[in-house]
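Note that the chains are named A, B, C, D and E in the order they appear, and that numbering of residues resets to 1 at the start of each chain.
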Amino acid sequence: MIGLTHYLLLGTVVFCIGLFGVLSKRNAIAVLMSVELMLNAVNINFVAINKFITPNDVTGQLFSIFVIVVAAAEVAVGLALIISIYRHRKSVDLNDFNLLKW
Amino acid sequence: MFEFILPNAWLIPLVPVLAFALIGLFLHRWPKISAALSIFSIAIAFILALVIAGGVFSAPAGTVYEFSTRWLDMPGLQVDMGLLIDALTAVMLLVVTTVALLVQIYSLGYMKGDPGIASYYAYQSLFAASMLGLVIANNLGQMFVFWELVGICSYLLIGFWFGKYSARNAAIKAFITNRVGDFGFLLAILFLQIMFGTLNFGELSDSMAGFTNMTILIPVAILLFCGPIGKSAQFPLHVWLPDAMEGPTPVSALIHAATMVAAGVYLVARAFFIFSAVPQAMTVIAVIGGFTALFAATIALTQNDIKRILAYSTLSQLGYMMMAMGIGAMTAGMFHLMTHAFFKSLLFLGAGSVIVAMHEEQDIWKMGGLYKKMPITTWTFIIGALALSGIPPLSGFWSKDEILLGALASGHIGLYIIGAFVAFLTALYMFRLIFVAFFGSNKAGAEKAQENSAVMTVPLIILAAISVVAGLVNSPLMHNAFGHYINSPAGIEPHPSLIIMISSTVIALAGIAMAWLIYQKQVISAEDLKYRFEGIYKVLYHKYYIDEIYAWLGARLVDGMAKVLYWFDIYVVNGFINAIAYVTAITGEVLKFTEDGQVQTYALYMFAGIVLLLVSALYAVYTVLI
Amino acid sequence: MTVSLNDLVFVAMALVIVVAATGVVMLKNIVHSALSLILAFVGVAGIYFQLSAGFIGLVQIMVYAGAISVLIIFAIMLVMDKSVEKTNLFSPNIIRLLAGMGLTFLLFVTLGVSIWFTKFPVVPAEGPVDAVGMLANLFMGDYVIAFETAAILLLVAVIGAIILAKGAEDKQ
Amino acid sequence: MDFSLLTTEILVALIGLLVLVVGLVLPDRGKQLVGKLSLLALAIVLVYALIAFPREASYFNGIYQVDVFGNYFKILFLIAGILVMLSASKYIKRFAAKSSEFYGLMILATLGMMVLSASGDFITMYIGLELMTISFYILTAYLQSDKRSSEAGLKYLILGAISSAVLLFGMSLVYAMTGTTIISEIAGAWTMQPAMAAGLVMIIAGFAFKISVIPFHMWAPDIYQGAPIPVTTYLAVGSKAAAFAALVRVFMLAFPPGSISFNWNIILAVLAVLTMVIGNLIALTQKNVKRLLAYSSIAQAGYILVGLVAANTYGLKGVLFYAMLYVFSNTGAFAVATAVEVDAGSTDIDAFNGLAKRSPMLAAIMTVCMLSLAGIPPMAGFVGKFYLFSGAIQAGYLWVAIIGLVMSMVSVYYYLGVAKAMYIGVSIDENPIKLDVPAQMALWACLAGTLLIGIYPGPLSNFVQTAISMFL
Amino acid sequence: MNNFPILSLILLAPLIGAIIIMCLPKDNGKAIKYIAAISTFLSLLLSLVVFIGYDRSLGGMQFVEKIPWIADLGVNYALGVDGISLPLMLLTNLIGFSAVYASWNNKERIKEFFALLLILITGVMGTFVTTDLFIFFLFYEVVVIPIYLMVIMWGSTKRVTKEYAGMKLTIYLLIGSAFLMVGLISLFIKAKGITGVPSMDMAFLATIDFPVSFQVMVFAFMAFAFGTLLSMFPFHAWSPDGYAGAPTAVSMIHAGVLKKIGGYGLIRIGLFILPAGAQIIAPIIAVLAIGNVVYAAYICISQKDLKYIVGYSSVSHMGYVLIGIAALNLISINGAIIMMFAHGVMAALFFAMIGNLYEKSHTRNVDDFGGLAHQMPRLSVGFMLAGLASLGLPGMVNFIGEFTIFVGAFSTYKVLTIIGVSGIIFTALYILRALGNVLFGPRREEWDHLQDLKGPEMVPLIVLGAAILIGGIFPFTLMDLISSGVGDLIAQVGLVQIGGIL
């Protein structure tokens, strides 16, 4: 019987896959995509919790809508930033961006 | 008159201090005026001392006048500046003021043409003031204060010609050796203050009357005696006196013959009630005194410098006085102190005028036949030598005889023998000096010598007169008035015996005769004596190598240790701190390199932190739940 | 335990999401991973429908599957200069890669354990009839401040994107 | 529902939007006017906020709290904003065309901070946080031509996004356990379960990133060095204070200390100690003043966290007191760094050589501000640290106090390193650094603030006392 | 006269002077120097008025001023002087005034120099004048930064670079003060816990009897902090380098007064508020103190640099002060305070003379000099006065201090005091050897160009010399004041009058 735990576990799995994507991918856009995945995982959590814990209330779904809004804004700014960096440095490889260190 | 002066007898030390202050602050540009002021101030002190002595010796024996004002007091510790006038103080006042006055007059001639005359007279009056202060002190604290002031004055006067390295080093040596003595003295004062809560002589003697706890009294007495060992140059701490001859001769006459070195003996006399209560301490004093007398006399035999001979003779005579004190003959000790002050300062001033005449030449073998050129100096010098050797009717005979009598009466036969032998040696080296320097055959040096001016010869004559007359004070002719006034209940009162008088005179004459044979007639030439007793001669000449031993010890213990500790301070203590600083800097450096600029490394560290926190939180919750 | 249809749908959707997510991370070609990302978004929308949160599912499809993925693909186009195949490789630093893998696994284990051993206060009741209406009330009622701030946030994002992307030159 | 109390936020939003619009409408010449206009408007809002300080209300049954605590922070953000914009007046000429948007974004970031510090519920808090952070992403990358600025921006975006994902995950777990996102309701509604602990830790991690506590501090040095100086100042001062306000509200109200079996104080204490030690140690080795000030601000976060760890009157007073004086001291230090960067082009320590000879006032202000950060009397930092560590000792964390104090004294080493360069360093050009009027006003304001709070801390401490009265 | 805030005027006169100097143009040195001289002279004059005006029979805190400062910490700007703090305040002004004159012919950056110097004087004086713990600590730490700036700007690089010396000095003192702050705060918190009233007033805190274990812990912190300031044995590493590196005026104030804050703090806070703690930790301090005396005296013997000699000798003298404090009885604490005053005046005079000599000859190595008495008689008088005072010659105030400490400490620690007294021999040795090498010996031509002290350079010699001699010849002027102060303290704390407790 699928309970709240399973949904949360699914959320955690997607969260961890997203995290691994962020930690390992070379391409900046791939990292952004993984970040999106992580935010989606959180949304799954919120909607699932709303369904099981507070069924006759919609705060969870409200929260996930706000998260979607913020995720969208973030992606927009992120991609704009990547494009602006690409224009100057002709590369999107995160390993090249280490001008600022120790 | 006496009643008026007595309560403000503190004027005696105050007048010279004022002279010192005035010269030091304002008059040091005009030497003439400062010299006059200094002599005038010591003259006033002399007159006051005379009045006081007159008053004390007219009053019945044993009367004591005491006044004191608050100086340093807090609940539990009371040191005040006071006056204690009794026969002992009166005698000391007389001795110090007379010798100081005559020396200051004599210095006018001796120091003529020296640029630093003003500061010389300033130091002279400061010394006089502190010596007088020491004499009239009524408690050990005040005595210690003036004790150290006298020490610093001797440092300044020995090192007066600071241009010379030897003078500078001698001054430092003098002060440090005195300081070692003062260390013991200070400890004794601390013990007494803690034990009896007071330092005043009167109160101390009352509270110590019933006190018999020997385990404390012995160390206190011996520590108290350390002060006199340092100040009166007794055996272990005698090394500074011969070197103190670097100072001008009037200084040696005043300080290193009559007054300062006598302070030690005066302290033993003043605190006699402490020492007499401890028999072990008395024997220690007697033994050290006797040994120093013998030790110094033997060295004096081989010295060639006129001032060094007199210095060792002073050492030996001081040993005599300490021996007297040790065997309980306090009167004999003080009497010898008085007479010795006069004829020894006479001898020193005589030596001074010889040195001036010989243009700074101090080696007796280079002098010769001075008796023709300098009759007054020669004859006064001979009177002094005779007094020193103890030829009757002169003062030395009476005082030395008293001591030998005391030694016999108190049963110290060994000490009597040493005393007699030292008397013989004294006569020998004194007349060795006279025959070589004044009647010696070596004419070369004597041409340019001629008699000094009146300002130098008059004091010599006065002192010669005094040293002739001074002996009678305690002789049977004046039914030993001196002993009547200055005695201590614990002391021994030897009755005069004719045999001792005769035997000591014979010993003295034998000494003179031997000197006459060796040096005047050269029957036994000094050279082969020196050759036959090669080993002994070299040891004696080098003062038993004690200076070298002290120097060796000092270099090892003090300078060597200082370098080791300095090395320790720099490399271990500082090293430790620098190490900490270095470690912090290194950790900072290492941590800095965790930031390699890669976003993903930052994310890695972040999530490592999160995982760690999660694991610890779950562990905490797990222990709570299960 | 009765395996209801709903559970089956959940399992299917979960599989789709996990496969798509791993696809995003593992695929070499950036375009392929972008497409698998879109698949993942659709999977998530499916989960919402299964959780009877229809409106959220629709919003998810419109915003994520629609707008954001298009935006990502545009960005990939703009940034593509090398050949497509090797654009989405793993970062060269092997140690960090392994550490990342280990860390992610550890994180999953801890979170999974903490979720698995917790008894959530589940309330078995049917969902509200008019979820969208209630959402609207909340938006305009209690959470109006959050709503307005979100509006300003979007405005800021737009302006920021334009400034960064268009690249207004600075004066040196 | 009387909305008059929200006027501060509404006014700030209006000014932000107006500035954006006016920036578009006016010709180039007008760009300077925009700056002055916005400053004036902010000043008026500051005055209003000061007047409206004591008035309290709770909106939407706890979702939005207009209370004394929130108002205190609103005043703090306005002061910080004004000071930063004043000190950056010369720097902004670099942004040329987009200088009016800069003002707009800064003001909207201030709005985000206000919402974050005043919200009583997770959702509004998250939105406020994101508004602030996204506007800072853009501001950090504002100088696209400069490689460092865009790189900093990207780094900040990626790390910021991950941390907000973590924060959200934590919030979701807490929401799962309590069923509500409103802080005041959470307090009683939960029991200690592993998921709750995980949620709490994730929330701590999310906020810890914002206030750059040790394991989560890695972004701060690079972003502070890369971003334009006014943005760095505002980041160091404004965003950190806002995060602290939210942290205090969440952890004092939702999870009151002592009452729960899960003692979050110890976790924060360990983080605080780590931050103070490692922050100061790395700062010892820094050669660039901006990066040095970055590490110093990390260490300052450690000190302020000690106040929260103590969670008693003195501790909280210390947090608020220190946040305020931190505005003055840090803005002062960064303002001088701005002046030197504008003049010499770099903020390495050698650029500061001989500053005392060239312009003694600048050197004096820099020394005073940095020593206040180190906690040397008579500057303000001393009183702040006194409060913080009295709280810590009262709460029994003696070891935290000892380590904190010793590390703040170690920090004197690198502050005096800069002072050494200024006072005995030798520089080739001798002419003093030219400063325009607004920058001078900012510098004098910071100096006055640091010294006055230090010498006579009475009024500010009473002000803070009322601000935290709601938590006691 | 009673409500005129004389103490605040004394305290703030130098600060006002500093502010005026800051507004003056950089180049006219004359005006700057005169203002500095006037402000320090004013506070010296007023402190003499207070010294004479202080009612010795009444005792206790007089000239009290109180303004509430921080309400919730119970801090008020409370000033007041009693038997213990008055002599030290007078000492600060004496040294401050002569420090201004000792740096009369400084050439470069006069404006910053005198401004920082005056701030330093106010900072140092503040600790003695206040009766409030918080203000005490505030002034205690304010002093460190001006010293650092003055050392790095005008210091001299000898064995170690001046930056190293300045930084070591600063960090060392600050670490010490960090521990002091922890001690103070826990004291304040515990007092608030016990009485419920937040108060920082020392007199009030002294009435509370804290649990013994707490007292020991806090006293340990205090002992460490004040120990580092007083250069107690293991923590003395900063002071010799600190003095050698610092310019004359700073080393005068530093050796003369800053060290005394440590001693004053130990007595005022250590003994007054935490007697039980003091009682238990006192033997450890006594042993370290004797280590201090002998260790530093020994090192002085091997030193070649004049400033290092005075530096290590002040470490040794501070050993005496420490043993005085550690003996915990009326006499020894009296001795400790008067020793602090004496050492302050002596060290300041010594540094003034060395500074003057260094200015003219640009070397401080003892072997380079010889026979300076020929060329510079007045300077040699100054050197001799300071040297003799430091070796404890009677007739100078140091002897009074040393003698009282020995009597007091002897009753409590017999063996330790005996070792301590042996210190006077080593002190005499290195002082006379150093002075002998520098002043006496044959005349050396290369030093003929040195001209002697004249005009303003004489002021330190006259002012400090007078203090040394008057204090030494008439000790009751100082001693009654101090013993009335310490008497109240001991009575209040209840220690046994003479025997101490051990």
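Keep this in mind: a contact is a pair of C-beta atoms (placed from the backbone, for glycine too) under 8 Å apart; a residue touches a chain by one contact, two chains touch by 3 or more.
All figures in this text were calculated on a predicted structure; none of them were measured in a lab.
Enquirer: Along the graph of touching chains, what's the shortest path length in steps from chain A to chain C?
Expert: 1
Enquirer: Compute the centre of every chain as the mean of its C-alpha atoms, then state which one is farthest from the centre of chain C.
Expert: Here the answer is chain B, farthest from chain C.
Enquirer: Across all chain pairs, which one has the most C-beta contacts?
Expert: A-C
Enquirer: Most remote chain relative to chain A, going by C-alpha centroids?
Expert: That would be chain B.
Enquirer: What chain lies closest to the overall centre, CA atoms only?
Expert: E
Enquirer: I'd like to verify one number: the distance from the centre of chain C to the centre of chain D, where each centre is the average of its C-alpha atoms, in whole angstrom.
Expert: For chain C versus chain D, the centre distance works out to 31 Å.
Enquirer: Take the average of all CA coordinates in chain C, do the same for chain E, and state the distance between these two points in whole angstrom.
Expert: Taking the average C-alpha coordinate of chain C and of chain E, the gap between them is 70 Å.
Enquirer: Centre to centre, by mean C-alpha position, how many angstrom separate chain B and chain C?
Expert: 102
Enquirer: Using mean CA coordinates as chain centres, what's the chain A-chain D distance in Å?
Expert: Each chain reduced to its C-alpha mean, chain A and chain D end up 26 Å apart.
Enquirer: Would you pick out the residues of chain E that each touch at least 2 other chains?
Expert: Residues of chain E touching two or more partner chains: there are none.
Enquirer: Residues of chain C touching 2+ other chains?
Expert: As it turns out, chain C has residues touching two or more other chains at 91, 93, 96, 100, 103-104, 107, 110-111, 113-115, 118, 120-121, 123, 143, 146, 150, 153, 156-157, 160, 163-164, 167.
Enquirer: Scan chain D for residues touching two or more other chains and write them down.
Expert: 123, 127, 130, 134, 137-138, 141, 144-145, 153-155, 158, 162, 173, 176, 179, 193-198, 221-222, 410
Enquirer: Among all the chains shown, which pairs meet the touch rule set out at the top?
Expert: The complete list of chain pairs in contact reads A-B, A-C, A-D, B-C, B-D, B-E, C-D, D-E.
Enquirer: Write out the stretch or stretches of chain C touching chain B in their complex.
Expert: Against chain B, the touching part of chain C is residues 91, 93, 96, 99-100, 103-104, 106-107, 110-111, 113-114.
Enquirer: Under the definition above, what is the set of chain B residues touching chain C in their complex?
Expert: Result: residues 598, 600-601, 604, 607-608, 610-611, 614-615, 618 of chain B touch chain C.
Enquirer: Within their complex, state which residues of chain D touch chain E.
Expert: 317, 356, 360, 367, 371, 376-378, 382-383, 386, 389-390, 393-394, 398, 401-402, 405-406, 408-410, 412-413, 416, 419-420, 423-424, 456-458, 461-462, 465
Enquirer: Write out the stretch or stretches of chain E touching chain D in their complex.
Expert: 68-73, 112, 134, 137-139, 141-142, 144-145, 148-149, 152-153, 163, 167, 170-171, 174-175, 177-179, 181-182, 185-186, 188-189, 192
Enquirer: Okay, in this complex, where on chain A does chain D touch?
Expert: Residues 4, 8, 11, 15, 18-19, 22, 28, 31-32, 35, 38-39, 41-42, 45-46, 49, 53-54, 59-60, 62-63, 66-67, 70, 73-74, 77-78, 81-82, 84-85, 87-89, 97, 99-101 of chain A touch chain D in their complex.
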